[in-house]
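Structures given as C-alpha cells follow.
You will see chain A twice below: alongside chain B first, and alongside chain C after that.
Let's look at the complex of A and B:
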C-alpha cells in the first residue's frame, strides 16, 4: 500500500523543484480541460501571459490587482506564522474601506490632501484592526475558535456596508442607487505612473512587506511569534505572553487588510459601494500559503495572482472562451500548487 | 523521475499539438457586450445575449463579442480598456454597476461609443438605455389580479432600487385595477442572480397561501418553485413558456435586439448621438410573453385591449389618484407621475405588503 512518511529535513533543491513541477502539472491539467472544450491551450496560455505581463499597460493592471493582495498577505503571514487562522481579511478589508470612506464623505470641503489622506489611512488601519482584535480577544480570554469568529465577522462587515449604502451614506443624487458621494480629489490617492491606475497604494504594499519581513526576522516580537507558532505550550513556559502577542499580531494583520480596503476605495474606485472587491481577502489566504509564509515570496506570488486575475478577464476577450474556463484553469493550478505542498513535508512510500 | 519527466513531455506534445488558430481581420464595426452574469443565465444576461445574436443576424456589418460574469467595481474598467485596445468601437454595458467604470474610460476614448443600460451618467460619447418595463409589469399584474383565488401574490425582488420598486408598484396597480382585494407581498433577496434564495423566497410565499409568484430576479428558480407547488408564476427577462406552459401565466420580456440594431444602424450611418433612451411597448423593447395554457380567453382579451391603449398613448399607468402603502396621497387625481419621479421611485403603492429598507 501507499503511505506517507514524514521528511526529517528537506533539501534546498526539492524546495524549488516541488512547487515548479506542481505548477507545470497544474498547467497541463488545465490544458487538458481547455482541449476538452475544443480550444488550443497553447494559444490560451500565451494570451493569458501576454495579457498579464506582455505590455506596460498589462503589467500595470497586474500590479493594480497585486497591490491589495500584497497588503493583506503580508499581514496574514504574520498571524499564520503563529498558528492563528485569520479568515477574516474579507471583513477587515471592508471595515477599513468604511472607516476611511467616512472622512472622504463627511469631512468639510477644503481639507488639504495630505491631511485627508492621512486621516483615511489611519481610519483604514483602525477599522481593519478593530475587526481583527475582536476575535483575537475572544480567542485569548475565552478560547473561542478564531476560524469561526473571523469568518462570521466577514458577513457582519458586509451587512454593515450594505446598511450604510442603502441607508445613511447613500448619495441623494444617485436616484436611489446604493452609491456614496464621489470622493473629492483630495481623498484620492495620487497615481504614481501616468496613464495607469498604479497609485501610492503600491508603495504602501511594498513597505508593508518589508516591515513584516523585518518584524519576523529582526525583532523580539517576531521571534516570539515564531516560537508560539512552533509550540504554544513551550512559548508559555519560556515566559512569552501568548495572549498579548496574538492580539498585537491580529491587530497588525487586520490593519493591513483595512489599509488594502482604503487603497481600493481611495486609489481605484473613488467612491464607496457594496462591490469593492473584498474577495481579495480570501484570495490572499491562498497567496500566503503559496508564498510558504515568506514575505519575500509573497511579493512574487501576489504579482502572479494579480496577473492571473487581470489576464484571466482578458483571455475571455481575446480567445472567446467562457469565464468558467478561466476559473477552471486558475483553480486547477492552485489545487496542484497547494496540494503538492504535502510533498514538502512528507515522502510518498510504497510498501507491499 | 525520468519516466515521469518523459510522461509530462508526451502529454505536453499531445496537448499543445492542436493547430494554432488565427483570427481573420475585418473592417466590420466591432461591438462588445459586458454581462454581469453568465451569458446563459436563463434571465437578464441571456436576454441581452439574445439581443446581441439578433443584432449579429440582422446587421452583417457588425461583429460582436461578449464578456460574461464581469465583476462590478475595479476589474470592469480593465476589461473595457482591453476591448478598446483590441479595436472595439462600441461598448454595451448591461449592468448598473458598470456605470462609473464606463464613465471613466469614456473620458479617455472620445471616439469610442459607450451605451450603458439602466444608469444615469452620460457623456458626449456615452448614452444610457433602458425600457419601460413597468408597462409590461402592469399588464402582467392584470393577469395575476384576475387569476388569483387567494388574493395573495408573492413578489420575489432583488434590490430596493427604483427600477425594482417601479416594477412592484406597476404590477400591483394592474392587479388591483381588476381585483381590489389583492395584496402583493415582497421579499428582498439582495441579489440579482441567486437561484437558492429566489427559490426559498417563493417557498415562503407558498407556505403563506400565495397562489401566484412573480419575480424581478434573473433566474427561473421561483417559477420552478411554483411549478412544484402546482400554482402559477409570472416570468421575467425572457419567455420561458416552452419550459413551463402550465405554470406561467405570462412573462415580462426584454427585446434588447431592437435597441441594439437601432443603435448600430445609427452608428453605421453616422447619426448616433448620446441620448437617454427609455423605450416602451410601442418601441417593442419590452413586451409580454406568451400567455400560459391556463389563462382563459376573457383575460387575454382584456389584457390585449389594455396593451393597445398603452401603445396608443391613451392609458397612463402612474396616473392619479395613487396612494402609497402608508396611506399617503402620492399622485393627485388627473396628474401623472413624471419620468423623473418614476426613475427615482422610492415608495410602494397601496396594496404592496413590504418595506423599503432604510427608508
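Let's look at the complex of A and C:
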C-alpha cells in the first residue's frame, strides 16, 4: 500500500521544484487540449511565448498585464497569510475603477494633473477598500463566511458598473456603446517608457510589493497577522485584536485591488467601460498561491502570469485559439501546486 | 386585464420559478452532502459549467435530451473527482482546489465551447401533466405540470433528506463530517465516504448545469451558468445543511430569476443591470441574515468542514 510518511523538515529543494513542475504540467495539459481541437500546440506556445517575451514591445505588454496582478496579489498575500479568503478582488478592482473614474468624468476640465491623479488614486483606493471592508465587518461581527460574501459582491460590483455604463455615465456621443466620456489628459497616468503602455502604475505596483513585504516582516501589525494565520485562538489569548486586524488587512487588500482598477482605466484604457479586465482579480489568487504568499516571489510570478495573459490575448487574435486555454493552463497549474503541497511535509512510501 | 389573465401570468411565472429553482436545487443538495462529510467544494460553478456544456453537446448531437442530461450529470461527477483526489488523498487546501476547479470549468468550456456559441437545441424535456395532482387549483398547474427532471428533483430532495436523517448511511456520513477520527474508530472508511459524497456533489452540480442548458435556456454561451454555482453554495448555508430547506431556498431564488425575466420581457423601466443584479443582491442579504440567525441559534457548519483527514496521524 502507498502511504505518506512525515518528513523531518520541509524540503527546500521541493519548494522550488513544485511550482516549476506545476507550471509544466499546466502547459502539457494545455497542449493536450489544443491537440484535441486539431491545432499544433508547438505553434501555439511558440506564438504565445513570442508575444509575451519575444521583443521589448511584447515584454512591455507583459509588464502592463503584470502591473494589476502585482498590486492585487500584494494585498491578497497579506489577507491570505491570516487565513482570510478574500475572493473579491474582482469586485474591489471594479469599484476602484468606478470611484476613480468619477473624478475623470465629472471634475471640471481645468483641474491640474497632479490634483486629478491624486483624487483618482484616493478614489480607487477608497472604492476598493469599502468593497473589502463590508465582508470583513460581516465576518468579524456575525461570522458571515467571507468566501461567499466577497464572491457575491463581485457580481454586484459588475452590475453596478453595467448600470452606470448603460445608464447615467454613458457617453451620449458613443453611438450607443456602453462607454464613458474619454478621460481628459489630466486624468491619464504618465507613460514611463516611450512607445509602450507602461505607466506610473508599474511604480505603484513595485512600491506596493515592497510595502507589503515591510508590513509583514518589520511591523507589529505584520507579526500579528502571522500569528493569527497560524492559530486565531492562540492569537486571541495572546491579546491580539483579531477582528480589528482582519478589518485593517482587508481594507489594505481591497485598496490595492482598487488601485489596480484605477491604474487600468487611468493608465491603459483612458475611459470607463464594462470590460476592464477585472478577471485579474481571480488570476491574482493563483499568482499569490504559486508564490507561496511571498512578496518577492509574487514579483516573478506576476510577470510570468502577465506574460501568459498578454500572450493569451495575442494568440486569440493571431491564431484564433480561444482565450479559454489560459484558464485551462492556470487552473491545472493551480491544481498541481495545491496537490503537491503534501510532498513538502511528507514522503511517499510503499508498504507491502 | 381580466382576473383569469392575471392568474395565468402568475401560474406561468411560478411554473418558471420552479424550473429556475431546479437548476439551483440539484447543486445545493449535492453541496450539502459534500459539506456534511467535511469537503468544501467551491468548484460548483465550474462543475455546473461542465455539466451544462456536455448536456448541451450530447443533446445537440443525439437530439435526445435525456441522454444529454445523463452526460451532463456524469461530466459534473468526473470533474468533482479532481477536487476529491486533491482534497482527500493529497490533503490539499480545499478552498484553493475548489477555486481551481471553477477556473478549470470556465476555461475548459470557453475553450471547447467556442464553436458551439449561440447554437440552439431543438430537443428539450416535455412537460408531463400528472393525473389528479395537476387538477389541484393553481398549485397543481404550477407544481405538477412540469417535466420529468423537475419531478426527479422533488423525489431527490425528499429521499436525500430521509437518507441524511433516518438511515445508517446518514448517521455515518454525518459522523465523518462531525468527527472523522471517531468515525474511523467506529469502523467507517472516512476516505471512501468522502469520495462518494464529493462525487455525488459533482453529479448534482452536473445535473443543475445540464438542466440549465437543456431545460431552461436551450443554447450555448460562455459562462452560461452566470454565478448560479456560487448562489448554490450560499443556499447551503441558507438551508442550514438540510436538503428539505434547500427546496425552499432554491425555489425562492428561482422566483427571483423568473420574475426578473418576466419583467424584462414585459419591457419594464427598471434598468436591466439592476434586474440582473437582483439575485446576487438578494442572496447577499439572505446569507447575512441567515448567518446571524445561525449564530444565534447555535447551528453551525459540520465541524470537520475543510479539514483534511489522515488516518496515519493520531
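The definition used in the following text is that the second predicted complex is superposed on the first by the 291 of 352 C-alpha atoms of A that agree within 3 Å, B and C clash if a C-alpha of one lies under 4 Å from a C-alpha of the other, contacts with A are read in each partner's own complex, and residues count from 1 in each chain.
In the analysis below, a residue touches a chain if its C-beta (ideal position, glycine included) is under 8 Å from a C-beta of that chain, and two chains touch if they have at least 3 such contacts.
As the structure is a computational prediction, the values presented were derived from the model and not from experiment.
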So, A:28: does it touch chain B (first), chain C (second), both, or neither?
-> first
First (chain B), second (chain C), both or neither: which does A:323 touch?
-> both
Applying the touch criterion given at the start, work out whether A:275 contacts chain B, chain C, both or neither, answering first, second, both or neither.
-> first
Classify the contacts of A:86 with the two partner chains as first (chain B alone), second (chain C alone), both, or neither.
-> neither
Tell me which partner A:167 touches in the superposition: chain B (first), chain C (second), both or neither.
-> both
Check whether A:310 is in contact with chain B, with chain C, with both or with neither, and answer first, second, both or neither.
-> first
Touching partner for A:149 - first (chain B), second (chain C), both, neither = second
Name the contact category of A:285: first (chain B only), second (chain C only), both, or neither.
-> second
Same chain A residues contacting chain B and chain C, which ones?
-> 162-163, 166-167, 322-324
Quick one: which bits of chain B touch chain A in the complex? Just the residue numbers, please.
-> 8, 11-12, 15-16, 18-21, 32, 38-39, 65, 67-75, 77-79, 81-83, 85-86, 96-97, 100, 120, 159-162, 165, 190, 343-346, 357-358
Chain A to chain B touching residues, read off their complex = 24-25, 28, 31-32, 35, 39-43, 51, 57, 61, 64-65, 162-163, 166-168, 170, 174-178, 197, 264, 268-271, 273, 275-277, 309-310, 313-314, 316-318, 320, 322-324
So, in the complex, the side of chain A touching chain C is made of residues 3-6, 33, 36-37, 85, 87, 138, 142-145, 147-149, 151-153, 155-156, 159-160, 162-163, 166-167, 282, 285-286, 289, 322-332, 334-335, 338-342
Chain A-facing residues of chain C, complex = 42, 82, 85-86, 90-93, 95-97, 99-101, 103-104, 106-114, 227, 230-231, 233-234, 237, 271-274, 276-277, 280-281, 283-284, 287-288, 291-292, 295, 310, 312-313
